[in-house]
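Following this line, the structures themselves.
You will see subunit A twice below: alongside subunit B first, and alongside subunit C after that.
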Partner chain A sequence: MARFDPYENNGGTCVAVAGDGYCVVAADTRLSVGYSILSRDQSKISELADKCVLASSGFQGDIKALQKNLAAKELVYEHNHNKKMSCPAMAQLLSNTLYYKRFFPYYTFNVLGGLDSQGKGCVFTYDAVGSYERTGYSAQGTGAKLIMPVLDNQLKSPSPLLLPAQDAVTPLSESDAVDLVKDVFASATERDIYTGDKLEIVVINSSGIHRECIELRKD
Partner chain B sequence: MKQKKRNEKGLAVAARRSRLVSELRSGIGGLGFWVNRLPVCGDFSLILICTGAGCRMVGYTDLPTKGGFDFGLCRRNQSLVEKGGLKIPGFLKTGTTIVGLVFKDGVVLGADTRATEGPIVADKNCEKIHFMAPNIYCCGAGTAADTEAVTDMVSSQLQLHRYATGRESRVVTALTLLKSHLFKYQGHVSAALVLGGVDCTGPHLHTVYPHGSTDTLPFATMGSGSLAAMSVFESKYKEGLTREEGIKLVAEAISGGIFNDLGSGSNVDVCVITKGKTEYLRNYLLPNPRTYVSSKGYSFTKGQTEILSTKITQLKPKVEVAEGGDAIAMEE
Partner chain C sequence: EQLINLLDTFTRVQAQRPKRPTGRTATSSNARKKGEEIESGDAATPPSSPSIHRFRNAGDAMMKLDMSALETQFGAPAGEDGGLLFDVDGAAMPAMEFPNCPDFDRFQAKTKDMVKNKRGTTTLAFIFDKGVIVAADSRASMGGYISSQTVRKIIEINPYMLGTMAGGAADCQFWHRNLGTKCRLHELANKRRISVTGASKLLANILYSYRGMGLSIGTMIAGWDEKGPGLYYVDSEGARLKGNRFSVGSGSLYAYAVLDEGYRFKMSVEEAGELARRAIYHATFRDGASGGCVSVYHVGPDGWKKLSGDDVGELHYQYYPVEKTPVEQEMTDASTS
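Then we have the complex of A and B:
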């Protein structure tokens, strides 16, 4: 007997890199199911606050629900505290929201990027049930395994696996980091069938949020 | 029964009775090794024990020759997976879009060039159009090893047949050889083929399924991208196409598979077969160049990926005996 399966993996990859005074959040725009493409232009990125951007990959139904849920909670916070949520505050909220559904999880693999209260870049990486950690860079999704080793090698930040935990960002410049992210996505697209079509790059720095799109392979 | 001592490498020098085989199987097989018995030259078969470290040949037995696969170890392998937690090694599938069509003067075959291993692209530019005879080519979808092996085998058989008969090979000969082989293996040889060629009886196009059934068609598609390609054919195919129209239609159909099916991708290969002439157009279209190349380049200097911890273990420990009358430094 075939039971109803509530989940589906719609593929895709998300990456975030934190620098000194900037943060780069990037995700591809392909939505797929099985061997078919449902959309070549579906965004995985959502701006939750003026210094805080969320990128999620996994099951699109849960991604949409989660991002809507967080946006609503952020609005309530703004009304109660008369200010927008900071990135570390949003990080904790996301973790709590995910763990709230511990026994029927959001099938989402999230990466939260932004600037903290000191203006330094911060990246928070999550699993499906809310375990999170502040790091200098992270990748999630179907292409994450292809991308992470390259970031470990090229970003020249202290490895997040080192003990004692070192909270540091990449010494690279913003343009170098963006160039690396583009190249790394082009490479992941070559070898991962679920990644491709278009790459959306969001850069957060002191002057605000700036978006960019580049084409990826469509096969 | 003669028995000689095994030499250091574990080779049994004399022949043993088949009773030893079952002892070996139940004894060593239970320890989580892969035990393979391979039929070799007539009456003998070799016993190979494969572990993670490699294979060891353990003995010879005299058993009657059998054709095909030996399914004797299937139950043991299955129980190892269920209770022992062992994982069966995976296959490389081709994903794939392959097509063929008949035009005025012959047949045109087409294929994409992506080979996948689950969600990862294993080969970005592999060849899926296989040679069978100078006037017959075969596109293959399914497990890559199976399509390669079966087309190579039938190609050799066709060549021997050409020598024996002194005539050009016919497409129906290749078809019969393929379908009887695949039927004999009951679908375990996972090869789905589009076979096309021109012989003295005219142009022919056939599809062959893994279980051994065949169809004879004016246009055909196979593989995970077959629906995308077939939609193009069903819209635009007509009888009596010219060579240029045929090539264009095949390229369009394969492109449909490349862009709409995730299991297919990269480039388009085309093969045009007419009476007396075959043109194999490898990489006829390259519609997927890499979109971004970093102008900075990369340097991978030593120490760039951080070393978290280091532990050095001496493999050959040196033991030194303390200085005495006639002291010798001993090595283990």
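Then we have the complex of A and C:
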């Protein structure tokens, strides 16, 4: 007897890289079900606040519900506190929102990127039920296993847990980070069937949020 | 308008009493009915604290079995905002909805496999004459994939109490944050710090009420209170054990071996820290799910202090430096002429 399965994996990959004064968040725009492509132009990125951008991959229904939910909560926060939510605050809100559905999870793999209150880039990476961590870079989704090793190779810095604390490696410039993200997606597209079509890149820096779209392989 | 509609659906979803799976409905519906009877007569008490009702009806308590631990309040607190704006007792029992499905346990097992949540892995803590040492690795795995080598598994609940994380990362993070909130509320309500006994009991009671739902938490609460150093092991099965030495996680067996062998009650802080560091290092060496950095903390009468954070890869070469092997036959380049 066929049981109703509430979940579906629509594929896709999200990446975020943080630097000193900027943050790059990128995601592909392919929506798939099984071996079929349903859309080549479905955005996975949502701008939650002026310094905070969320990219999610996984089940599109839950992604849309989650992003809508967060946008609503952000609006309530603005009305209560008369300011937009900061990125670390949104990070904890997202973690709580995900955990409150611990027994019926949002099937979403999220990466939150933005600038913290000092203007430094920050990236928060999540699992499906809300465990989160602030990192310098992250990849989530079907292409994550192909992309993370490359980012580790290029961007890895000494662990923040080390004592005495060691200086982080000099981060890349903004244009270098964007180039790295483009290269990494091009490689992931070669080997992951769920990644491709178009790449949406969002850069957050002190002057605001800029979007860029580049074409990826459509096969 | 869209926002109001969204809030409406949010409230409606939260207000639905979730159906508990068969086999549990008998006891919990009895408990709920009792709770409702008592509740209706006493509008002033907040709905999410069944234990208070028990005390007010002490005479009845003799006749009825105490089911308060089984009773869980999953509905949202009353109010049009659905708990978004003012959530006074949110720290006590967060409103979590259940899926309305015929086989709850099978659904939980399936989703757990599907999403492959992050899990954490070797932690240890022990009491000695100068306080408590707490140590942990920093690797988190999602299935077979290492999702992070920089996870903070030692959680700072407050300046004199630490909690460790083993099991589900999200579960541990969320419930420790919740515990920290409750400890702070206790301080504000009672004008004194909460004891380690009290904090561990708060956590254990919450975890017991979620017993069987698939939470995976193996934590130790370590701290220094008026009675001196305190160490409790609390897990998602509802266990709460007081003890002097604990190690939790997939690498705990390896850590126990080294820890038990080198443990003495009278040690200096450096010796104790070194023992903990070596125990975690050995666990990371043999257990695939442990690795990253070893963090060692010491909790003394003035609170906790981080003693060290070392990468285990480098620790390996510190403990076992590479010895130059004698060369049997040396290859020399052929002359090019």
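A few comments on the model shown:
Throughout what follows, the second predicted complex is superposed on the first by the 204 of 219 C-alpha atoms of A that agree within 3 Å, B and C clash if a C-alpha of one lies under 4 Å from a C-alpha of the other, contacts with A are read in each partner's own complex, and residues count from 1 in each chain.
Criterion: contacts are C-beta pairs under 8 Å (C-beta built on N, C-alpha and C of every residue); 3 or more make two chains touch, one makes a residue touch a chain.
Just so it is clear, the structure is predicted and the values come from calculations on it, not from any experiment.
In the overlay built on the shared chain, the residue A:20 is in contact with neither subunit B nor subunit C.
Of the two partner chains placed around the shared chain by superposition, subunit B is the only one that A:183 touches, whereas subunit C remains out of contact. Look at A:47: by the touch rule set out above, it reaches neither subunit B nor subunit C.
Touch criterion met: A:131 reaches subunit C, while subunit B stays clear of it.
In the superposed pair of complexes, A:214 makes contact with subunit B only, with no contact to subunit C. In the superposition on chain A, contact is made by A:75 with subunit C only, not with subunit B.
Contact with subunit B, but none with subunit C, is seen for A:37 once the two complexes are overlaid on the shared chain.
Touch criterion met: A:159 reaches subunit B and subunit C at once.
Subunit A residues in contact with subunit B (one complex) as well as with subunit C (other complex) are 159, 161-163.
By the touch rule above, subunit A contacts subunit C in their complex via residues 6-7, 68-69, 72-73, 75-76, 80, 95-96, 98-105, 107, 125, 127-133, 135, 145, 159-163. Across the interface of their complex, subunit B is touched by residues 32, 34-37, 142, 149, 152-154, 156, 158-159, 161-163, 176, 179-180, 182-183, 185-186, 189-194, 214-219 of subunit A. Interface of subunit B with subunit A (complex): residues 95, 114, 116, 119-121, 124, 224, 258-266, 287-288, 290-296, 298, 300, 304-306, 308.
On the subunit C side of its complex with subunit A, the touching residues are 3, 6-7, 84-85, 94-99, 108, 111, 114-115, 117-118, 138, 140, 142, 145, 147-152, 168-174, 213-215, 292-293, 295, 306-311.
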